[in-house]
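Going in written order, the chains are labelled A, B, C, D, E and F, and every chain counts its residues from 1.
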Amino acid sequence: MTPPPFLWMKNKDGKDNSKVHEWIQSITEVPVHSLNQADAVIIGIPLSRSSISASAASEFPDAFRKSWKGFTTYNIEEDVDLTSLSVIDLGDTEQHVTDIKRCHHAIVEAVKDIKYHYPNPLPISIGGDHSITAQVIRGLKETFPQQSIGIIQFDTHFDLRDPGVLGPANGTPIRLLINNGLIEGDNVYNIGLHGFFNTKDLKEYADLHHINYFTMQDVNKMGISTVVNKALDELSRKVDMIYVTCDMDVLDMAYAPGVPAATPGGMSTRELFEAITITGKHHSVGAVDIVCLDPQKDLAHMTVKAGTHVFLNFLTGLALRKNRRA
Amino acid sequence: MTPPPFLWMKNKDGKDNSKVHEWIQSITEVPVHSLNQADAVIIGIPLSRSSISASAASEFPDAFRKSWKGFTTYNIEEDVDLTSLSVIDLGDTEQHVTDIKRCHHAIVEAVKDIKYHYPNPLPISIGGDHSITAQVIRGLKETFPQQSIGIIQFDTHFDLRDPGVLGPANGTPIRLLINNGLIEGDNVYNIGLHGFFNTKDLKEYADLHHINYFTMQDVNKMGISTVVNKALDELSRKVDMIYVTCDMDVLDMAYAPGVPAATPGGMSTRELFEAITITGKHHSVGAVDIVCLDPQKDLAHMTVKAGTHVFLNFLTGLALRKNRRA
Amino acid sequence: MTPPPFLWMKNKDGKDNSKVHEWIQSITEVPVHSLNQADAVIIGIPLSRSSISASAASEFPDAFRKSWKGFTTYNIEEDVDLTSLSVIDLGDTEQHVTDIKRCHHAIVEAVKDIKYHYPNPLPISIGGDHSITAQVIRGLKETFPQQSIGIIQFDTHFDLRDPGVLGPANGTPIRLLINNGLIEGDNVYNIGLHGFFNTKDLKEYADLHHINYFTMQDVNKMGISTVVNKALDELSRKVDMIYVTCDMDVLDMAYAPGVPAATPGGMSTRELFEAITITGKHHSVGAVDIVCLDPQKDLAHMTVKAGTHVFLNFLTGLALRKNRRA
Amino acid sequence: MTPPPFLWMKNKDGKDNSKVHEWIQSITEVPVHSLNQADAVIIGIPLSRSSISASAASEFPDAFRKSWKGFTTYNIEEDVDLTSLSVIDLGDTEQHVTDIKRCHHAIVEAVKDIKYHYPNPLPISIGGDHSITAQVIRGLKETFPQQSIGIIQFDTHFDLRDPGVLGPANGTPIRLLINNGLIEGDNVYNIGLHGFFNTKDLKEYADLHHINYFTMQDVNKMGISTVVNKALDELSRKVDMIYVTCDMDVLDMAYAPGVPAATPGGMSTRELFEAITITGKHHSVGAVDIVCLDPQKDLAHMTVKAGTHVFLNFLTGLALRKNRRA
Amino acid sequence: MTPPPFLWMKNKDGKDNSKVHEWIQSITEVPVHSLNQADAVIIGIPLSRSSISASAASEFPDAFRKSWKGFTTYNIEEDVDLTSLSVIDLGDTEQHVTDIKRCHHAIVEAVKDIKYHYPNPLPISIGGDHSITAQVIRGLKETFPQQSIGIIQFDTHFDLRDPGVLGPANGTPIRLLINNGLIEGDNVYNIGLHGFFNTKDLKEYADLHHINYFTMQDVNKMGISTVVNKALDELSRKVDMIYVTCDMDVLDMAYAPGVPAATPGGMSTRELFEAITITGKHHSVGAVDIVCLDPQKDLAHMTVKAGTHVFLNFLTGLALRKNRRA
Amino acid sequence: MTPPPFLWMKNKDGKDNSKVHEWIQSITEVPVHSLNQADAVIIGIPLSRSSISASAASEFPDAFRKSWKGFTTYNIEEDVDLTSLSVIDLGDTEQHVTDIKRCHHAIVEAVKDIKYHYPNPLPISIGGDHSITAQVIRGLKETFPQQSIGIIQFDTHFDLRDPGVLGPANGTPIRLLINNGLIEGDNVYNIGLHGFFNTKDLKEYADLHHINYFTMQDVNKMGISTVVNKALDELSRKVDMIYVTCDMDVLDMAYAPGVPAATPGGMSTRELFEAITITGKHHSVGAVDIVCLDPQKDLAHMTVKAGTHVFLNFLTGLALRKNRRA
């Protein structure tokens, strides 16, 4: 970009890469051929008309990017500077206004297009609602059909509702993946179930399909890091690649007022941040998404900041993983 | 309903029909065969996933009904008691979670089902977003193909965007109706356009199709009642039936914070209420809808109350019309 | 007050009487014997547990006083400086937590105590809810039984509900006064009725008792100043003293979100301010109250500022009246 | 209820008892004679004009019922489905607008009427403010004078203020019960006191009457389950029946913005939910109330959801108790 | 900008110049030498630490730009498409964090730098608070010392407070300009004064310096267009160039909750928009600013949208002026 | 104060010193010569125009004092009544509107003036933003140049940004003190760092200067009391006096929405309150401040209450310290 012509202007060239928005590069700013050298790519998926309850989670990719300038690249607790990673923002997938099937198809095609040509960088999908998870995983499976995938799911819900009734909505992604044979039920690990937010039917479906889960009582008793490490260990022995999906409704609504389905009694941000860093570190984790955060319902930007923090915690883990390899 | 068994309970039998919620009857409470004697029927259409911007206008039918208990049936300015009318609430149309085409089809079928069997009562459709208008009018046309329909549209926008690009979204209903030959362009009267909320292209499309419109400057100069009477007079000479569609975004956002697309510089509630009463009085007006009001964005229930007030103003006109006939 | 001992402290002695809080004196700061020389006295009445709907109008006297520092004493539109008046704040009446009858009795006693000993200053009662009006007028009547009183009431409601059912609640004061023979129905002038907020029964009661009223349509047609002048003229020929009661719910809720019973379609602040100034000017007006404003529901302090503005407009009228006499 | 006549209507018959609102029955829907077979009954008590600070806790019974559809009947952490219980909603007690004594009397009569004719179901009182607790317990004592009652009180406050000064307000219920000889001081166990929200006088009164209490520091040190179990064990050895009163102000205000008297430094929802489940399980617990939650002050429905969750946690305990017995 | 490499990405090339953000060009996107051909330039001045009351008006330039995508370039009421104008956004002036004098100096230098090299385009300054007006005008005067400047000021306040006490704060700009001999008092026309928001001292200062003003009562009586035309006519006969300063606190706070000093009783958006369009049309108007809008206090983005609308109304006038010339 | 003249007035003499506002004395109410006998003095410092991001922390001293009536003087968890202490409120330092250097100078002079004449009472500075800490400490050092001072800093940030760039802003106080030789880097103990809110550069600066810090992970692992005790023990061996600075942004934003720079993942109020009580108890602690709390951004008064609670926890420690000495 040309330097501004006036000396009195705010000098946007003076940036020193210490803030997240100065560090992450847009695909419009880098040569495409360099994409495969990146450690991770961001794919915005602004879709939430597929949500059961009205949601503006479609606004999260924008809010997410705008919040970057409130964060540095340096995680003081882990002494990690994320600038050791190359992360490229690919922008948003085009989504149709009234044809949800077409939206979902566009997500599958986007994931395939990226992973086929640039298999190396880890894809970070920024929803949008939880319906996108089924589409991203379909895109991964269609690109690498031989690779078995398992899921670590942070969620207050199973998301096992019946797609036969709801279609591919935000309450159905895990069941859709099982129904379609893309994921085995016993390769799903749900962390964060609690309270009165799942019907008994869904729990019975989960048991029938050998889905694994840790409730918030388990988190209380065992501690979040033990729970997450246990899930990663078990799962990594069973599958080729682990997909981490973080439904922000896993958070207690005191920490996440900006999630339409948030509930009291959920996880704290300190627990979730610790959990996500651990997943980022694990060698088998190959993709992640963050979903169901509606910036229009937020208070004091609290939830958007938490969502971006989750993203940075994941990258912290990835940086530690990379450093370890180096 | 059985009387409550305990004397200390709040006595719900003591209702005296002085509040709107006590007067309007639910279809589950009246014999179906009496439906054709009603003056008007309410159809809830909880659809807003067809909105261009994220909207919870789907929540308005619920919020609308809950607000009834804040209103009496008596309009003191017109000395009209609405209990002279029989109004029946038919409940909500079932809407699918992820298939918008199916949602729209359900609206058409609902309207046909009602009007075919019970042609007498005037249908009042409570949206939902503006995409429903095209479907309700389609339902009316499919029931009475010979009847020509004209539209009085209160709106900040033309709603003439291209359905070829957006599908049947909330920005396209009028163009969809013209494209489908259901409505002639010169039988559309838009009242309330202002500011910078329509592209020049759309204005040119409007002119090409001889769509009539009065801007807020016209309202300033001529007064709202003159404008509305002029539109009704002209239109009633050209068509068999007038359909009134009230997009709540016609209101200035100081009066309507709970409309996602509301703007500064719009109509005041006093102007809109006066306008709507006039339409209700006119003998040619045969259907009305109220759309694009998102209760989740509301402040102090201001917009929901305004939406319900519009409904009651329309009924005031209808009662005056009926009294005149009697 | 002793000057602060430190030079670096904010100098509160430097006040120049240009702000309202610097000008109005507290009764604790002036010799009691000077009270009868005052032009007006303020009586806070922090009672709202007598409201039909839950209300924190009891918080208005505090919020009212805190808002003073946002206003100067100078009304630029009338070129009037309120410092030509002496206004003394008598503080709040003690109100009981669970015995509403006792609260009301305390109001009557307070008014009698003040007016008996200090008949000269015009009492300005700051509610609290509308139930206080009946008690203040009872206090005035018990002090001066021979004096006939008429009421100018700015209100969206008649406030004629049945005290036999509700007790002396905020919906009943005018009927209570008529029932008790303290006020004649035809000496009540209501300005601001509109919409669907009064039952037909109450209108019939009003007509039976020859209560006079101007709706918002009358205000639209005649202009607010014509309406108010007409009411003052008629009433001043019939009674010895006019009591002005300003229920803040007369305002459109876009201007007054902080009134539990506010509605769309009401008066604008510009209309109300003009109206109140006119009442303050009139020689027969001998008392005023401002009621039903709940600061906890307010947005951006909008309604509290409007309530204080009403108070200052009334004083503007009073100053003009005094200047005229002088 | 008659099935809706139109196929396109939202089918309200299709309910499957998986949501709380589908499971709990209204007294208007069941034969009265079956009432004694219920496990629990709900009594709404919409009274908060007896609150020291202005409160709309009177709106909680309504908000509570509306929130049910956000909860399933299945508690995944305890693997308990509440449909194993029969719970009947008796509606709200009639409350007078301006006579608080009459409101309280109505509560006593309601409780006596229910417990005399239907002694079996456990009564769950939904406030309203804390003044109701003294009235509900009076009703229980007047029905079963021989039965000694103890109290487990979750609260940031002692609620031991002087009814001689305040009357039967929301700050006085425990003292009123002790004064009236209905409860012994040493049969009161307060859990959750903390910070600077009780005067030393009240602590001395508590000590004089041998009231037991665990502060938040005790909860920090011992863990909430230990504290609650200890209180239940001690108390159940001393009394015939334990009454649990949950003042929602025990919660930290980050979790409960919708409680007028909420404070920082309070209990978390996770702690309270765990505590309440334990009380529900205990064989001696015979009644419960939830009080002081003002839905109008709530943010993001956070507090209302927490209040309903408390109710469901209590029923979870009750279901476990019933299963154990079976 | 390079086209995005992936077909599935949101196509940002497809822009059609129909939205404001697509039409206004950034200085980083155009050759500097073309700047003098522009019709207008935007200068962001993110300074509000000079405000008397705490303000985040410094955030308005950002919020202003982000709001552009909610507006088309086409004003339907005037049938004007703004794309007939070339408008270039020069970005923000660098402002120091703790040295306000340095901030002000930077503004003067920026204005001089622009106007010296590129005298043609009309500068539109986006505040920031009202202190910037004095600096922008100083910059203009230092560039063209021979040119006499007059001011049309839309404001609830005189902004004549004493810079000797406050320094160059947001309450002092007009007095500072008069004190410094940059502006004659009788070349200032204030429109919008009302209520109790100016001390008598300031009115006397205004009279002493022959400042002209129209209160809201004048606007009520004469109509806003008459007032504005009268001011423009008088002033254009006396000065070479007219500077329009729009303090958003002129708006009634129902329309402008996001202005720290907003008041009840102010101008409506419809009046202000009409006024500003008229100023834009006038041949003598050579610069404009929009100040004192704090996006962090806004509700529903109402005030930010109004601020941007003012900007577009001014440009509408400018386009009409240009067309007339053409 | 003179007793109110009317019996019906709220009796403000009846105060019993059980609430904080009744106990703390204003300097205008006590003889100045008694000041040195006080245990602590409060200095309000309403300055936040020195904040990097726009902040109304300048409003905290006012909001702080208004919140006192929501707190008793009795800490039930420590069984401490604060009335054993004498605390005097000295009011606010005068702050200039546009000259920040002058504001800072006024703070230094105020502190010197107080400590020189009245060395005994512990000064409690109520900000304002974090820039004030550097000025207060300068004042202390200029009064007692021989006394070495160390800092316990509760903060999410190092506040080590470069004053050469920002001036003496709220991001720079610790660095300014080190640069000026007033504090040694290894006499700074930061508690509460976490997440991505400090650049690596600052961490390197901290290490270079041997600044000590405990992150939130350290707090998780060791417990807050261990961390604080360790910091106090180490520091008290190295310096004569410990200054405690509490930047409220150390709190998680779920607990502190009213802090412009608050973040997710921070400290809970329960942890902070415990920490502060410990510091108050320590014999070396000689001054404290509370900064960066913006009441205008607060929700439900949550953050203001937390800020006042911190103040009372500190005094609890001080009372325990005094009792121990006695």
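By definition in this document, a contact is a pair of C-beta atoms (placed from the backbone, for glycine too) under 8 Å apart; a residue touches a chain by one contact, two chains touch by 3 or more.
Protein identities per chain, from UniProt: A, B, C, D, E, F = Agmatinase family protein.
Remember, it's a predicted structure, so these values are computed and weren't measured experimentally.
Asks: Between subunit C (Agmatinase family protein) and subunit D (Agmatinase family protein), which partner chains are common?
Replies: B, F
Asks: Using only the C-alpha atoms, find the rotation that maps subunit B (Agmatinase family protein) onto subunit F (Agmatinase family protein) and quote its angle between 0 and 180 degrees, to the nearest 5.
Replies: Copies differ by a rotation of 180 degrees.
Asks: Rounded to the nearest whole Å, what is the centre-to-centre distance of subunit A (Agmatinase family protein) and subunit B (Agmatinase family protein), using the mean of the C-alpha atoms as each centre?
Replies: Between these chains, centre-to-centre, one finds 41 Å.
Asks: So how far apart, in whole Å, are subunit C (Agmatinase family protein) and subunit F (Agmatinase family protein) when each is placed at the average of its C-alpha atoms?
Replies: Going by mean C-alpha positions, subunit C (Agmatinase family protein) sits 43 Å from subunit F (Agmatinase family protein).
Asks: Could you tell me which residues belong to subunit C (Agmatinase family protein) and also touch two or more other chains?
Replies: Residue numbers touching two or more other chains: 254, 297, 299.
Asks: Please give all chain pairs that are in touch with each other.
Replies: A-B, A-D, A-E, A-F, B-C, B-D, B-E, C-D, C-E, C-F, D-F, E-F
Asks: Which bits of subunit A (Agmatinase family protein) are touching subunit B (Agmatinase family protein) when the two form their complex?
Replies: 48-52, 54-56, 58-59, 96-101, 131, 166-169, 294, 296-297
Asks: Touching subunit C (Agmatinase family protein) in the complex: which residues of subunit E (Agmatinase family protein)?
Replies: 193-201, 203, 215-217, 220, 252-254, 257, 262-265, 297, 299
Asks: Name, in rising order, each residue of subunit C (Agmatinase family protein) that touches subunit E (Agmatinase family protein) in their complex.
Replies: 18, 20, 71-77, 79, 81, 254-255, 269-270, 273, 299-300, 302, 305-306, 309, 312
Asks: If we count contacts the way the header does, which residues on subunit F (Agmatinase family protein) are in touch with subunit C (Agmatinase family protein) in the complex?
Replies: Against subunit C (Agmatinase family protein), subunit F (Agmatinase family protein) makes touches at 1-2, 4-12, 27-28, 32, 35, 90-94, 106, 109-110, 113-114.
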